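Common to both upcoming complexes is subunit A, partnered first by subunit B, then by subunit C.
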Partner chain A sequence: MQEQTLLQSKIEQGDFTRGGEVSSSLKDVLRKLGIKSETSRRVTIVTYELEMNIIIHSLGGEIEVLISSEQIKVVATDRGPGIPDVEKAFQPGFSTADDFVRGMGFGAGMGLNNIKHYSDQLTVETGQGKKSKFTAIICL
Partner chain B sequence: MFVVFATAKPMGVISVKKHSVLLREELCKGCTNCVKNCPTKAIRVHNGKAMIRDELCIDCAECIRICAQHAKHSQTAELEEMSDYKYPIALVPPSFYGQFRGVNPARVRMALFKLGFEEVQDVSLAAESLSRKTCEFLMGNSGIYISSSCPVVVRLIKILYPELTEHLIPFKAPTDAMGEKVRADALAKGIKPEELGVFLLTPCPGKNTTVFDPVGVKTSPIDKTIAVSLVYQAVLSVLEKVADVDEGELEVPYLGIGWGQSGGELQLLLAQMQDSSLSVSGIHRVKALLDEFSRNNIKGVRYFELSACEFGCVGGVFNVVNPFQARSDLRRLRSRGKSMIEHNEGYDFDLPGRFEPLQIGRLDGDLERAMEKLAQLEEEIAVLPGLDCAACGAPDCQTLAEDIVTGVASRSDCIFLLRKQMGDLAETLSGLLRELPPVMKKEKVDDKVG
Partner chain C sequence: MTRLGESSMKVRELADKLELEVISGPFEKEINGVYIGDLLSNVMAKAAAGNLWITVHGHVNVVAVASLTQVAAVIVVEDFPIESAAVQKAQTNQVTILRTPLTAVDLLRKLIELGV
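Up next, the complex of A and B:
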């Protein structure tokens, strides 16, 4: 099966009230497709973290989930402001989230690690002042 | 893939009882209250009757709670069926003691003996033992676990959260472990298997279902359940005749009795574990929690005590006393407990296998075809009004769309689409009416020619 879009959704900066909606509807879709529950959970967690990343750290963006016979691809793109030091951003516990966000229980500095941990492959295209693009692949 | 209303049965099996929640068809008005409140979307109103889809029902009894017509109900054995057995044993769940306004549990037990039970066994004892086992397990394992004592929660997870089945703590429920023990003890005493009848005084249909469809264990050690509501009056009438018992003489598992309400299980964990445990009750709140847990959004919790009924087992639909009162009374009983009963072992809590997830709700077994159906589903959702009025008999437009795609419903089941179709038809009709027969169309034809 050729790669097809499963879900596409715009995400606004700071829109916590809708946080988790994309990953919730995705979980439902994966169940309808009969995707194994362990795989579904990994895709859901990765999508949720990417979703929250856009809400917390970016100026807004979009998530697209694509499926083929071999894999599920979660692509998160945003409109900046970019990650100056990617390596540092992946260090457990490192976070640039402000007190407000931390007060809500987010921004503990594990998000990117979680994404990496639950993906089979993760590519990040970013840089200071640039748009960021995360591509996470989970094999079927 | 949904199999609707007629369940495919393996060849040679005539009828398999699957659920405890039943419908009194003559009382059902087809109002869809139960349809909308069902946590697994297992109910559809068809031909004016609220039918339950077997594969989705978890026997949580929410439909029984919400049905104003009392059309949804549940059945268990009656107290009299005890006489079918020469050696009937009563298993008393912790919540049972919340039904008698704080009467000494020992007296309640005496009353049950008077009613004819040969043995009256407290499930609270097994609950205390399981608490010890859970502490040991949590200390020896680093994972995050969910209590598997509420069979409805286990079924909910297997069906809606299959990815979380590995988090269910791999132990039998106290009722099952207790049932197995009393059964083995009775047989060892020389009671013949056919003479032995193990009865659970159940607070909920969910536990009744475990008798014929066990959760975790292969076969249920319980022969029958009797709804609390069906023993309540009998116990009350005998209680008057039972003198109060000297408490000093007796070991009552007061702390285990605390299990009858939400939070009672956590209170028996070691203090440091209580700090990293969470208790949630009520099926809709349990679902909300599992949604968060499933997306890895609950941090710092190692153990979840989840009960399908609000307030825990005291909230079961078979109870007579309202859950607020029962909870308050049970708390008072629990506070009498100083420590757990010692030398209370001999239960086998280890599961014979693991909890297996169920795969339900697939559009098609083949991924490509499922994708095609998913596209169809989106088309249907776009056509439906999105009002979630449930007048079609499905809980919401999304579910009706699924039913249309899987071929068990049609667009005209939606009253708004039906109305639109009728409007379109009426317009076509009135247009046709304005069309004149050819013999009367003369002028117009002339106009055109001219």
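Up next, the complex of A and C:
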């Protein structure tokens, strides 16, 4: 299965001003490729949440989006600080976001659930003090 | 009788009728329903293209969410402040932002009366 990179972008910690730019660029790319709108919507939601997670919770990282004939793969990697308890992090409503972030309408403990809900397959590699890697697959 | 979501009203007509403050255009998009919410993950998941999105947020990330969900317009209620960076980004990305002193509930009542 040959994969082609659609987009690769670095994301800085706390860079709310640029939040959503990766997802927006990706949406344009998917439209030009003629990807059906429901698939594009799912990929965009997953990418947006991963993008905001890097901005809000990590020390910075990057997102790469790859396409093959069968699927779109969104890979989000960061430089830490890692998620100590993944199961807990996926509980709806659980959040470690501070008041500033919550005041902007983020950090309500729904992002990871959105990622899981809209992905066909999701793997998370992380741990306390480690880098995190999310790999989300959406079938075409 | 008109029912919620059945109108084919455009943003310009709505802004005129409800005397909404115009922050950014365009105004020619058709409205096909309403979503009210301030949690951005929820808005991402549930707002549909063509909806009016009613919120208290006026920061720059609202523009990203509005652009991604392709809502017809964002209506900021209770005259909440709108960041100048958000206005600039909205103009660049063709995201319509309107504002009203009304609360979300009072605005919704008026939208229902109009059959939006």
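Going forward, the second predicted complex is superposed on the first by the 139 of 140 C-alpha atoms of A that agree within 3 Å, B and C clash if a C-alpha of one lies under 4 Å from a C-alpha of the other, contacts with A are read in each partner's own complex, and residues count from 1 in each chain.
Criterion: a residue touches a chain if its C-beta (ideal position, glycine included) is under 8 Å from a C-beta of that chain, and two chains touch if they have at least 3 such contacts.
Because the structure is predicted, anything quoted here is derived from the model rather than measured.
Aligning the shared subunit A places subunit B and subunit C in steric conflict. Contact with subunit B, but none with subunit C, is seen for A:S69 once the two complexes are overlaid on the shared chain.
Look at A:I45: by the touch rule set out above, it reaches both subunit B and subunit C.
Once the two complexes are laid over each other on the shared chain, residue contacts for A:G82 go to neither subunit B nor subunit C. Once the two complexes are laid over each other on the shared chain, residue contacts for A:G61 go to neither subunit B nor subunit C.
Once chain A of one complex is fitted onto chain A of the other, the partner contacts of A:E21 are limited to subunit C, with no touch recorded for subunit B. In the superposed model, A:G111 makes contact with subunit C only, not with subunit B. In the superposition on chain A, A:R31 contacts subunit B only, with no contact to subunit C. The superposed model shows subunit B running into subunit C at a single listed stretch; among 80-88, 98-106, 116-124 or 296-304 it is 296-304.
Once the two complexes are overlaid on chain A, the subunit A residues touched by subunit B in the first and by subunit C in the second are 20, 23-24, 27, 44-45, 48-49, 105, 108, 114.
Residues 1, 4, 6, 20, 23-24, 27, 29, 31-34, 37-38, 40-41, 44-45, 48-49, 67, 69, 105, 108, 114 of subunit A touch subunit B in their complex. For subunit B in complex with subunit A, the touching residues are 162-165, 291, 294-297, 299, 357, 359, 361-365, 367-368, 370-371, 373-374, 377, 402.
Those residues of subunit A lying in contact with subunit C across their complex are 16-17, 19-21, 23-24, 27, 44-45, 48-49, 52, 104-106, 108, 110-111, 114, 117-118. Residues of subunit C that touch subunit A in their complex: 38-45, 55, 57, 59-65, 67-68, 85, 93.
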